[in-house]
Amino acid sequence: MNEAMAFVIATPLLGAMVAAVFPRQSHWLGVLSLILNAVAVGLLLAFTLSQGKSTMVLGGWQEGLGIALHADALATLMLALTACVALAVSFYATGYFHNPRDAARFWPLWLLLVAALNGLFLAGDLFNLYVTLELLGLSAVALTALGGKRESIDAALRYLMVGLLGSLGYLAGVAILYTAFGTLDMQQVGDQVAVDPASETALVLMTGGLLLKTALFPLHFWLPAAHSNAPAPVSAALSALVVKAGFYLVLRLWTEVFPQAVPEQGALLLGVLGSMAILWGSWQALRAQRLKLLAAYSTVAQLGYLFVGLALLVITPAGAAHDLVFGAIVLMALTHGFAKSSLFLAIGVVQQHAGHDRIDHLDGTSQRLPATTFAIALAGVALIGLPPSGAFLGKWHLISTSINGGQWLLVLVMGIGSLLAAAYIFRVLGHAFGEAAFASRPVNNASAEWPALTLGIIATLGLGLGSAWVWPFLGGAA
Amino acid sequence: MLDASTLYGLLGIFLASLGLHATILQRDILRRILAINILGVGVFLVFIATAYNGPGVAPDAVPHALVLTGIVVAVAATALALALQRRLEMLRRESDDE
Amino acid sequence: MIDLLSIFLIAGGLFFYCAGTVGLLRLPDTLSRLHAVTKADNLGLGLLALGIALQIGDPLSAVKVLLIWLLVLAASAAGGQLIAQHVVEQKEETK
Amino acid sequence: MTPIILLDTLLAIILLVLAVVALHSENLRQSIFVFIVFGLVTALVWARLGAPDVALAEAAIGSGIAGALLLAALRDRQPGCEHIEPRPSWQVLTVTYLVIGVGLTASWAFLDAQASRSGPAIGEMVQAELAHSGVSNPVTAVLLNFRAYDTLLELAVLFAALIGVMALGPERSAPQAAGPLVSHFVAWLTPLLILAAGYLLWVGAHAPGGAFQAGALLAAGGIIVRLSGKSGIFPKGAWLRVLAASGYGVFLFVGLAVMAGDNAFLQYPSDWAGSLILLIEIFATLSIAASLLLVYLGGYPNAWMEDKESQHA
């Protein structure tokens, strides 16, 4: 399946190039290259489903000398999430960026961002991950700045500084690992890691850098401004995909490279920080005056669940319970990816129609934009974790594992978090379904509305009803 | 006896710490950009020190290539940061004029 | 004999460098500092280059070292002129 | 005490002093100049540690181009906006202790890592496979063959920065023409720089040098030409766009094309490796030079599109 893997990375890179060289044609060139990307991801997913994990060492060298790419169940699921969200965001973006100049900037950067994500999910090499992280960071920052307002530029600059600090922290860890083990290949490093100062310090430096990039409480300070001041399609991608990349790497490092060196206290710390992220993020989302800020703080909270899940994963001994938690984390990450991108795209539609996104002034939205309001409701169901969404199953397994392990505090936190999430979602829906001061006709703007709706349906129904195969897929490949 | 590899490795960590300190504490964005560049040089120095195998022995070429990549990435990030800062000052001036 | 000549040239080069640096640190204004640095350092580098060129057996490489000196001469002439121009402009502005 | 350790200690002290001055000098202009010198001394350290390729890149890019970028940013800055309140002392103290902690831990880990170093480094695999890489300079072999994928993505990073910079307002206005002596010097220097860049590119296959150093040198030449007020000689419009994107574009095409022969991505057939690497490097050099020069403009380059669109940008 080498071709599929190479095309997964090459299609968005090529797309970025042609979109930059032919700026007037960038809309359809961009969409076309992401369709091709989705086809390549589909092939890879089908292959991985039937044959299991596949590996390609680039340049045909032996692993270690050349850079290895691995497509396993986790990586292909993340690729599939990226491909779907990227397509929906792209269709939305064709209507969002009317000005050809904005479009000419957006498409190359957006395609480079997708290429960085794809590269990151497949990479099996620590330094290559650094390069993909920087590609991801720089293109995300540049996209955030497309907002053009002073707040957007300010947020983008802070986002850039934080991102650079994070990736240099990560790189410092890689430097220590290379000093100790003389290799950058993740499997080869993983074979040599032990409980020693070099491994432990590298783990701390790399995790610290990634936590900064993935905005785990209290390192989330930069996220709300960046995610709420970017253009709507960019916000969707940042919240649904980019912060997930940091979490994905932490998950990989902790479970595959450093399992020997991860101390119990590390899991405890992540659990505590994750819990605080759930409570603080949900609380701030409830207090937010603007819809986009609400969605951004909700991302802070949702990342908390993922890290609580990771903490549970570390303390659960290998076996059926361990696999259950692993699947639950992946399912929650996927659901949040679909749900949050749906929410941000829907907010973008609301903002363009109402001219603002102040929650208190949204009354009557449901009459004007029924499809978009429905999308917000669907995304909300998934964010709260109600059945039949994928998050319901994920959260259910996390809570039941906590109960079995006697982690009552975590059970309490996840319960409160769900209640707060319900409160902030219903606050929005309450206004949206409220009576408007002025009666207005419903608007039907299908091209802008259907991407959000589709993503919402996948988050709530698709992943909820189809989630049964996630565990065997992950288990079979592990 | 302190060998060159150790000396320069520790120097790199020291430089990186100085850069980290200033990146967090400085307020002026140009100074923070400068600081993060020095932080980067510190990390690169650890790589190059590791690659050094003593006098007369060929050094490990892999970290050299990594640092070359890192230098280009650093200058790209610096350029983007400075352009953002320039735009911010432009917008600030416009809003002051109003 | 050649070694001795090299040592003599390099020592002379270092002396002029020191003189230039002292001038840079001690002289009062930009123009006179510029005067000290450009003259003394160019001569110092020339002597150094000559001293080093004598030590290189390969004549092609020796020519390369002297070419470097020529390039630096040209660059410092242009750079010095730019700095001086800047100083003159500033003086006229403040008048 | 051997003399070489004396030299090392001296270099280390100079580097530390320069770093402290660059970071904490009262005067920002002074900070930037000291940072440029810091870059040059760093290049000396790279040369001392047997990394001449890195030394060339550091002098040209880390010190030269980055310094030019910082100086240009300083010139844009309006006077009077530098007044910033100092941080409260508890913040300074907390961060200081935190950083000292991180630094000490990292030092301890580094010493431990050095002591416990086990197994052959991939550096030895590089030496063993060098003959099959198509070039004899091991750093070029790693950059363009063994780890070519890193370099491909790195060119994409530079491209992303370029497009990102372009979205941030108009380019800097070109400076007025310089005096006759400088113009003369530039006219004389530019062909020399192009020649030197070509030499660096070609020599990179078997000696220190290569696409990055050559590209940076070309970009530096471009910056000098622009500063002297003669920007008319640069490519424009579609040519410029193709040039900027060609760095990773050609790389990617080669990487995919070799897969036709049942190879892995970026696996060059061994007979062709040397020529393919040279082809990739030529376009990488041109695209690096174009990109660095364009990001130096600090905004949307007027030359990017030749028609009406660019007028409003």
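Details
Residue numbering begins at 1 within each chain, and the chains themselves are lettered A, B, C and D in the order written.
Operating definition for what follows: a contact is a pair of C-beta atoms (placed from the backbone, for glycine too) under 8 Å apart; a residue touches a chain by one contact, two chains touch by 3 or more.
The structure displayed is predicted, hence computed values, not measured ones.
Leaving out chain D only, with every other chain where it is, the touch network divides into A, B | C.
Separation of chain A from chain B in touch steps, taking the shortest path, is 1. For this structure, the chains sharing the highest number of C-beta contacts are B-D. Computed centre separation for the pair chain B/chain C is 31 angstrom, with centres defined by C-alpha atoms.
Averaging C-alpha coordinates per chain places the centre of chain B 12 Å away from that of chain D. Each chain gets a centre from the mean of its Cα atoms; for chain C and chain D, those two points are 28 Å apart. Those residues of chain A in touch with two or more other chains are numbered 127, 131, 134, 138, 141-142, 145, 153, 172, 176, 178-179, 182, 184. Among all residues of chain D, those that touch two or more other chains are 102, 106, 110, 114, 121-123, 126, 146-147, 150, 154, 157, 160-161, 164-165, 168.
Contact of a single residue of chain C with at least two other chains is seen at no position. All chain pairs in contact, by the document's touch criterion: A-B, A-D, B-D, C-D. Considering their complex, residues 2-3, 5-6, 9-10, 13-14, 16-17, 20-21, 23, 56-62, 64-67, 100-101, 105, 108-109, 112, 115-116, 119, 127-128, 131-132, 134-135, 138-139, 141-142, 145-146, 153, 172, 176-184, 192, 196-198, 200-202, 204-205 of chain A touch chain D.
Touching chain D in their complex are the following residues of chain B: 2, 4-11, 13-22, 24-28, 30-31, 33-35, 37-38, 41, 44-46, 48-52, 55, 58-69, 71-80, 82-87, 89-90, 92-93. Interface residues of chain B, counted against chain A in their complex, comprise 9, 16, 20, 23-24, 29, 32, 36, 39-40, 43, 46-47, 50, 60, 62-63, 66, 69-70, 73, 76-77, 80-81, 84-85, 87-88, 91-92, 95. The part of chain C that touches chain D in the complex is made up of residues 71, 74-75, 77-78, 81-82, 85. For chain D in complex with chain A, the touching residues are 102, 105-106, 108-110, 112-114, 116-123, 125-126, 129, 145-150, 153-154, 156-157, 159-161, 163-168, 238, 241-242, 244-245, 248-249, 252, 255-256, 259, 263-268, 305, 309, 312-313.
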